[in-house]
């Protein structure tokens, strides 16, 4: 997995988020404050700018720049959270990037979010999409399937994970304020996490 | 014209105003502040109370009590204006009350409003209903028609006078703030003045 | 209609109970709001009043350095003479009483009648008529009193506090009115509790220019444009009537339903406009001061102040809605 | 959507320009609002912040006796670490800096990150979490910070002004939070400029109970009843969590679109409720202090104060939104 793939990843993610901006805002309106799409859209636009201004020399650099930019430009809960995913991945990732190396770095990114957000599987957050994706990657590595197939399985797992948040009662973030009323809605952060993984699968396909 | 007739007049006027309260508010909403019906309704309810509490011994007393109560309870522009009409009438009226005597007192009441409000015919105010009614009464007296017919002609003149305010541009009161936009609406005060005269014609019939 | 009220008829009374409970510095009796400490011997008393629904005007301006009493009428309906008479007697410290009256037929007539009926107290009256949206001519009731009322009550109140005579206090009040102009714009109508529905319907894409403070429609209806353009309309109307020059006291006033963040957006545009005319904003207010129930919109009021008026504006004031210097 | 703005994206920036133009006592740089005079040697610096749309919170509370700096984020979105870091450095007088943070995941995370990144300055943090509408348990992000933020900023600010050490200022801030509870009710949703339409739809006849200040839906939806009953719901929720007794500092806060006259109607009911419980309102605020854009509704905040806290509440304060004693 080359630097260009990671650059393409964020371009595609930015495009997908822009396309789903209103949907993410609507999901956030139902159980939050209606700005998740706006926040991520703003953040990823800045990420592309940053990657333009200081061309990254390695996949790790791409991830670090992306993570730092999200932290510095998004605000809200998702900014620091997504920011630390990518920053942690950037720290852990070694070049050349194999699927195994990527899977390990991704897992460490997920752990970073869980730590920062004190969130666990089932709390109805982005973790519910990220963790299943991480497990899917691990299995793909174990089964020795190729990069394309592995990322594809990760994307599916993330989408399923996001859908699985619908019946959950939120225990973290704004949605938790609604108590039982948070049940029956997909978590916007889980939905956007799925978009990130779909974006990666697309550019790797 | 006996004391009971004047008492009946205000009872009927109160009923009519209550019935037309929303219409008067709507007329006032179009060119004013939507409270003329509420104001008069409140005022006439108080007038009936006052006439109950201290039974009037003469037509003049009925009018004075009514005028004073309107001034003391209505507020806004119409309170003092209607109040002075009736207070002035009370001052001028002599018992026994003939149509001629009533016509003279009524004219003096109208003059009192014109003075207090500095309003003239054509300014799109209650004067545009009151003044024609006064003239109708004077003619009725000259032609020697009876009380019933005289009051009936006065009521008609008042209604026509009120309708005639529709094409006028207001020169007094809130409606004048609207400039040309005041054209095309009936003046609420003229409309309520017509109700007063209709009430009198009804109880005299 | 969605309102935090008990009944439409009891709004004014209930709110006055809340006012009394919230402000130990005030005393409310028979629909009149007084300073708790009562009149000061030898000080000119200031009484204002008018329909309710414009809060904090007038009751929120009762206190040291401003009004001695306020007479709130029913919603959008001027008070009757009796409470005005009560208030005038209640605040008299032997130096006479100034009636500050917004120029509306109802307010003028009721204050006039009250003034006539208190022969034993010297009463002077100042009419506030600052709204440039109304053409002042033989063909109108004259200009409405709106935002400048705050300037008049504050500055006249400061001079009265210093012990000036009734004639002087009345004179400075009239001077402030002459030096002041206002213009208002509504994004939405207001809903009077008794009416239960908006006074006028305003489409999603239009605004009313030159509105008053009683939910009356304005002089014209135009498309909703940017804050910059709307502020420009208001400022041009004011500037066209009283050229902006020298030091200005400027108030960007919310109509009651407009959030503060939007008022600051407007103030930025007003400040830019003033700068463009070579004048200077020396003092300012941004917030809800002369409202029209839940109406969304704003008004701008400008007073061309000199050093004397600025000194009186800066003088200590301690009221629920305006407070500094103590 | 009808708003007094230029563009949805520039609202915060435009409003900050207006704020700077209106208040010479403030300095705005890089989306941070400072006291114009800068930090005072040896004084603990107070920094707060959060999403915009709650004006006058927080920038309206910057000034003598209260905050040293405010960091407004985008509308309803907590600020990013950079301006918080800037503000922390900008207000440091050598005695350390207190971060006053409303308990929302976004605010907590961004302030945390900022605090970690200024190793050279001692930073303490107090989380405000007063909203009893949220069950405080393992199953929520904990209670939201709402109205009590005003109490915390005022009282901690007063102690800092007296030269107290960071630990003491942080301690009193935490104490005020512990002694405070709030509950909010919405009559209408608010409309965020970026969204362009109401966050939630509320029928003409219903209200949302237990709302936050970001247009989030509340915990339940019930029919619109009288001000007395709604005030009762809010007060019962507070009293059930922190029994009302002794001296109380009470704020009846408007959500942005509710006229003052209605807030006074509510305050009258709140005062009656408190009296019924045998407690006493010793200090109070009625008005728009912690708003949610143009939302119609109110929140009640109560703090059980003792003499020490009351003295700090009464201490001089000079900010755009809260001013007395100077």
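Per-chain residue numbering starts at 1, and chain names A, B, C and D are given in the order in which the chains are listed.
Just so it is clear, contacts are C-beta pairs under 8 Å (C-beta built on N, C-alpha and C of every residue); 3 or more make two chains touch, one makes a residue touch a chain.
As the structure is a computational prediction, the values presented were derived from the model and not from experiment.
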Under the stated touch rule, with chain C ignored, which chains end up grouped together? A, D | B
Could you work out how far the Cα centre of chain A sits from that of chain D, in whole Å? 32
Could you work out how far the Cα centre of chain A sits from that of chain C, in whole Å? 55
Centroid spacing, where centroids are CA-atom means, of chain C and chain D in whole angstrom: 29
Specify, in ascending order, the residues of chain C that touch 2 or more different other chains. none
On chain A, where are the residues touching two or more other chains? none
For the protein chains shown, what form does their contact graph take: line, ring, star, complete or other? line
Listing of all chain pairs that touch each other, if any do: A-D, B-C, C-D
Counting only contacts in the complex, chain C reaches chain B at residues 51, 73-82, 104-106, 109-110, 113, 133-135, 138-141, 144, 192, 194-195, 199-200, 212, 214-217, 219
Tell me, which parts of chain B touch chain C in their complex? 25, 29-35, 38-39, 42, 71-81, 116-117, 169, 171-174, 176-179, 181
In their shared complex, at which residues does chain D touch chain C? 1-7, 11-12, 14-19, 21-22, 52-53, 55-56, 60, 187-188, 204, 207, 224, 226-228, 230, 252, 256-269, 271, 281, 284, 286, 288, 291, 293-294, 296-298, 318, 320, 323-326
